[in-house]
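Paired with subunit B in one complex and with subunit C in the other, subunit A is shared by the two complexes that follow.
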Partner chain A sequence: MGVKLLLEKAHVVGIRTYEVYRREGGYRSVEKALKMATTYVVEEVKKSGLRGRGGAGFPTGLKWNFIAKTEGVPRHLVVNADESEPGTFKDRYLMEFIPHILIEGMIVSSYALGSNVSYIYIRGEYAWIVDILEQAIAEAKLNGFLGKNILGTGFDCEIYVHRGAGAYICGEETALIESLEGKRGNPRIKPPFPAVKGVWGRPTVVNNVETIAAIVSIINNGGDEYAKIGIGKSTGTKLMSACGNINKPGVYEIDMTISVEEFIYSDEYCGGMANGKKLKACIPGGSSVPILPANLLLTTAKGEKRLMNYESLSDGGFTTGSMMGSGGFIILNEDQCVVKHTYTLARFYRHESCGQCSPCREGTGWMEKILLNIENGKAKLSDIDLLWDIQRKIEGNTICPLGDAAAWPVAAAIRHFRDEFEWHVKNPEACLTSNYGLAHYADPIHIPVLT
Partner chain B sequence: MADEIKKEAPVAFKVTIDNITIDVAPGTTILNAARQIGGDVTPPAMCYYSKLEGSGGKCRSCLVEVAAGSTADSRPMPKLMASCRTTVMDGMIVKNMTSEKVIDARNGVVEFLLINHPLDCPICDQAGECHLQDLGYKHGVESTRYEFKRRTFEKEDIGPFIQLHMTRCILCYRCTYIADQITDKRVHGILDRGDHAEISTYISKAIDNDFSGNMIDVCPVGALTDKTFRFKNRVWFTKPVDAHRNCENPKCCGKATLWLRGDEVYRVTSRKDEWGEVQSYNGQVGWICNTCRFEKKKTNDWTIEGLTTISRHSVIGANKYATLEMPIDTIKKVLHGRDPKLLMNIHNVSGVNNPNIHLSEIDRSSQMEDFVKSNDFIKGEGESTQWGLPKE
Partner chain C sequence: MSLHFSKKILDKVSEIINRYPEGKQKSALLPVLHLAQEEFGGWLDIPVMDYVASLLKIEPIEVYEVASFYSMYNLSPVGKHMFEVCQTGPCMINGSDNIIAYIKEKLNISVGETTADGMFTLKTVECLGACGYAPLMQLGKHYKEHLTKEKVDAIIEECRAKAN
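Let's look at the complex of A and B:
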């Protein structure tokens, strides 16, 4: 049984209400933090080694340090709850079951950053969670944890919930800021970074829901204690939302020391593959990270066991590794078609591209059309190379990471599953009715012996 | 004292672009620094417009490689940077034409911009002064790899003066910036997102204000064109002259370029500089009002100053220069007294053109053999006339 910090109390009856949450030890961190100096709180977060849980894995303490502290200019904390990545649903679970942990974390973070008005930008589809959060905010306010002069310390803080309108791109921090300001959700060109010019031109920190929730235990137990959990630079616990062909899909809190194999097959987590099928491929961190075939997923190219943490999942770069991403663990069994799966993702990114910069606007649509042709057996072999060339020209040349997010899954699918693409082209009839199957994707990989 | 001087920010930053070093003021973007050098060093810009605040960064055609960030931090930047929105640092080393990565990425951008472009240049009024044409000539390829139906949009009428062709649009956003910055109220914008994003007025409203015509001048492609000039002439047949008039509108500078053919004014635009941008006068950008642009179409409305200087290498520049150098030597002189003549009279070698065989006499589809078999081949120059007919 791993350590649980976020979901420990998630299933206590009535934890959604303030009374039960407070009885279970809630809001202790606010009482503790507000007695400390703000720099001390930031220092604790730095010590904890907490990394952003939204996908990029940027150290949170460092991000907080970057915020411009111009005298007389208000600062803002914005919580990114626009969780729209296909396969990721961890924030939804957290906000739905224990909303107060987010509010508590936000009060502490707002205090540390000097934000008197903080926002939760939540995706519009989470309509019922807005009500849950607003209820929690009202309760916190009623009990003196929000509003003017919190706990008599003279610190004022208000939290507002802002509903998005269903755009994936608004999960990108600068697009989120634009949307929060009431404008079209187009990502801004960086620099200036939000830490200098964010919401209404004021210094802003945008953090993921899970990151902010993790602040609570960092303050309660101390940054050093938090840093002891996990391995290396992957400290603390991480929520994983597992889905796909497994026995127990759901949200799991892991302490980043377990192996991928254990996560998939142990009864504590995913409970093995459903219906006795074999594992074919997996996207370990939400739809935009590279897909890995079964053999590379379980062991790295060096032949080591792959662990569920930032370093191990990205071991080998994009050639033989992937990314931790946002923790959307999507598992494909031998019956799944990688081409169709890649097409589905390409369709998603085409639909969600904001259309601001040309490579993403035009390239995502082009990739989708070619992938549809390959999936339906209407393509040529040269189309696979063309697809590779298109993704290469999108990646890194766009304003925001959505271009990369659209290019990576296509690149990884061609890199690891090229023969499945070729099979689709060469067997235009068969690919409509049957499947390429597991093929050699679970075979042990050849490990070069180092001399 | 010496310490104090050191602390002050340097007056000029040294930046090296394609091995050419230049001193520029701090805060200058890479693109503007390159424009100060000029020539091939300057990256193309489809969406950036120096006179429009906030423009740029969208088309990605100005991407450059930053080989060294600055003197203090000489690490290269990991990604290609949009030169129009990246400010220079002291000691920055930039690669534009000398970087293969940049050329590759730029070729990609041109391809992306063209896959859904209708390529209707033969009927487009912008042809000849189109930035996408220039970019395509320089970085494009001859054929397309795109095998799908090109994107189309529902036609929308945005008023009596401006024609909107959404299919040609590259979504540079310049026209929305201009509506925000020089007109009181913007009534058009970008609707939808991704590859179906379009410029629109939402409920088919006419764009009606005194300065809306400047949208045409800033549009890099033929998406916004002048309705009063529509299909009237090709731009390279018209002669541009600088002219001015005392405009009643206080915001209008009254300085324009008239595009003439004979004495007739076909079109009025604001004056453009070498980068295709509207010129500034005493710090004021020379936008012109719709009255000047669309209604003053007589030469006596204007005081003509003289020919507009334009790049002689541009399409519009063709045949415009009286001083165009003509070769002094005639062909006869070059060929040492011989008259020019065709190298071969094709009628003598082509059997198909042999008039002794009548196609109507062949009772099936004609084949080569029908011509070869006949001995009526006429050989030798002296035997035939200029047209290959036998001499009577």
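Let's look at the complex of A and C:
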């Protein structure tokens, strides 16, 4: 069993309540941090090597350092609980089972950043979790950890939950800020970055739920101790949400030294493939990251065992690798059709595009249409090239990364599963009633990879 | 239906406005629209949106453009119970297509329609952030997970029983 920093106490009976959480050692990090200088807290976070858990993996300490400290201008911490990337459901788990860890992490982080009013932006569909969080906030306040003059240190802090209303794009930090201001979730052009001009024009740090929860153990045990867990630049523990054709879908806290194979097949985690089926493909970090065939998932192109961490999952770049992303691990068995799965993702991105940039607005619509045609045996071979062309024209040509996020899954599906696409075109009748199956996707790597 | 929030809801609205800096009451728009939708029959009619605009001292257009952007706001009437079934990849590979087909058959409506008695609306939605518990739907404030035909039957019965 690897170390657990976030979920260790998640199943203690009553841990949702302040009493039990406190009895189990909760809120110690607040007592400790509020005695330190704020710069020292930031220093600990830097030492920990913690990287943002929202998807981009940006070093948290560095991000905190960027926050502008203009005299007389309030600053804000905003926690990103929008969690809408297909395959990702880890933040929900954390908030639902152990809400106080987020509140505790937020108090410490608010102190470090100088935020006296901090917000949790939560996706609108998680309506019942709003109640859980508000209950935890009320309890923390009742016990002197929120409100005015916390623990007699002179630090004031309030936390409010702000409920979104159904829009994946509001997970993008500048769209989230617009939404918090009561507007449509249209991403802003950067710069200026939120750290300089964020919500209401004030310096703002947006961090993921899991990132902020990780601050608790960093302060309790020290940044150096945190950095000892894991490997290389993948320090600490990571929450993975696993779904698809496995025996035990769910949320797992991993030490980032384990292999992908162990994660899928061991009883401690996914428990192997459901119904004894074979592994065909996997999207290891949420729908936006490249899908990999079984062979490239388990081993890198160099023939090394692939591990569950930032570096190893991206080994080989987009040619033969993928990304850790948000930790949404989607597993497809031999009965699944990669074309159909990719089609549902293209539909998702078309639905979620805010429409500001033409390559994204138009491109996502075209990709959806073409993929549906291929899936239904109504396409020509040249449509596969057209699809490839469209995704290339989106990537890098938009205001926010949603465009890239829509392009990458399509690119990777064609790159690695081109013969499955061609099979649909060449077998327009058969593809409606049967599927291409496992084919050679689990064979030792021999296919030339398109770049 | 009188177009006014009760005193209780109005207090809640002021409490929400106070979460944001002075003069930034527009920030309360999303939460207040949720309240309005709950209070006024499950959808946002133009007079409802105008009322929200007046409460927050913003222009009606600022409310319309927001209400039309977010998928959880309904701009036309919906049934008493809305089945919002997730259809994105991870749910699809766990059989969401079959669940949607079953609900259509059982309620005799297509996606986007409401039953004649105004009881049920069927809607397909994109990832609900619960992919490990697929297939699933959102029903009001909660999720109904690991759906099977039997579970769907039970949910429909439960909703009908509540109405009686």
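Keep in mind that, in the parts below, the second predicted complex is superposed on the first by the 445 of 451 C-alpha atoms of A that agree within 3 Å, B and C clash if a C-alpha of one lies under 4 Å from a C-alpha of the other, contacts with A are read in each partner's own complex, and residues count from 1 in each chain.
FYI, a contact is a pair of C-beta atoms (placed from the backbone, for glycine too) under 8 Å apart; a residue touches a chain by one contact, two chains touch by 3 or more.
As the structure is a prediction and not an experimental result, all values here were calculated from the model.
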Partner chain in contact with A:145 - subunit B first, subunit C second, else both or neither: neither
Touched partner set for A:18, first subunit B, second subunit C, both or neither: neither
Partner chain(s) touched by A:386 [first = subunit B, second = subunit C, both, neither]: first
Partner chain(s) touched by A:184 [first = subunit B, second = subunit C, both, neither]: both
Partner chain(s) touched by A:167 [first = subunit B, second = subunit C, both, neither]: both
Touched partner set for A:356, first subunit B, second subunit C, both or neither: first
Larger contact residue set on subunit A - subunit B or subunit C: C
Subunit B versus subunit C as contact partner of A:64, first or second or both or neither: neither
First (subunit B), second (subunit C), both or neither touched by A:399: first
Residues of subunit A that lie at the interface with subunit B and also at the interface with subunit C: 167, 184, 351-352, 354
Subunit A-touching residues of subunit C, taken from the complex the two chains share: 19, 21, 24, 26-31, 33-34, 56, 58, 62, 65-66, 69-73, 87-90, 92-94, 125-134, 138, 141-143
Interfacial residue positions of subunit A with respect to subunit B in the complex: 167, 169, 184, 189, 350-359, 361-366, 369, 386, 392-394, 396-399
Subunit B - residues contacting subunit A, complex: 56-61, 63, 79-80, 82, 85, 104-105, 108-109, 111-113, 115-116, 145-146, 148, 170-171, 173, 189-190, 192-197
Residues of subunit A that touch subunit C when the two form their complex: 74, 83-89, 91-92, 117, 119, 123-128, 158, 160, 162-168, 179-185, 200, 241-245, 249-251, 287, 328, 330, 332, 336, 340-341, 344-345, 347-348, 351-352, 354
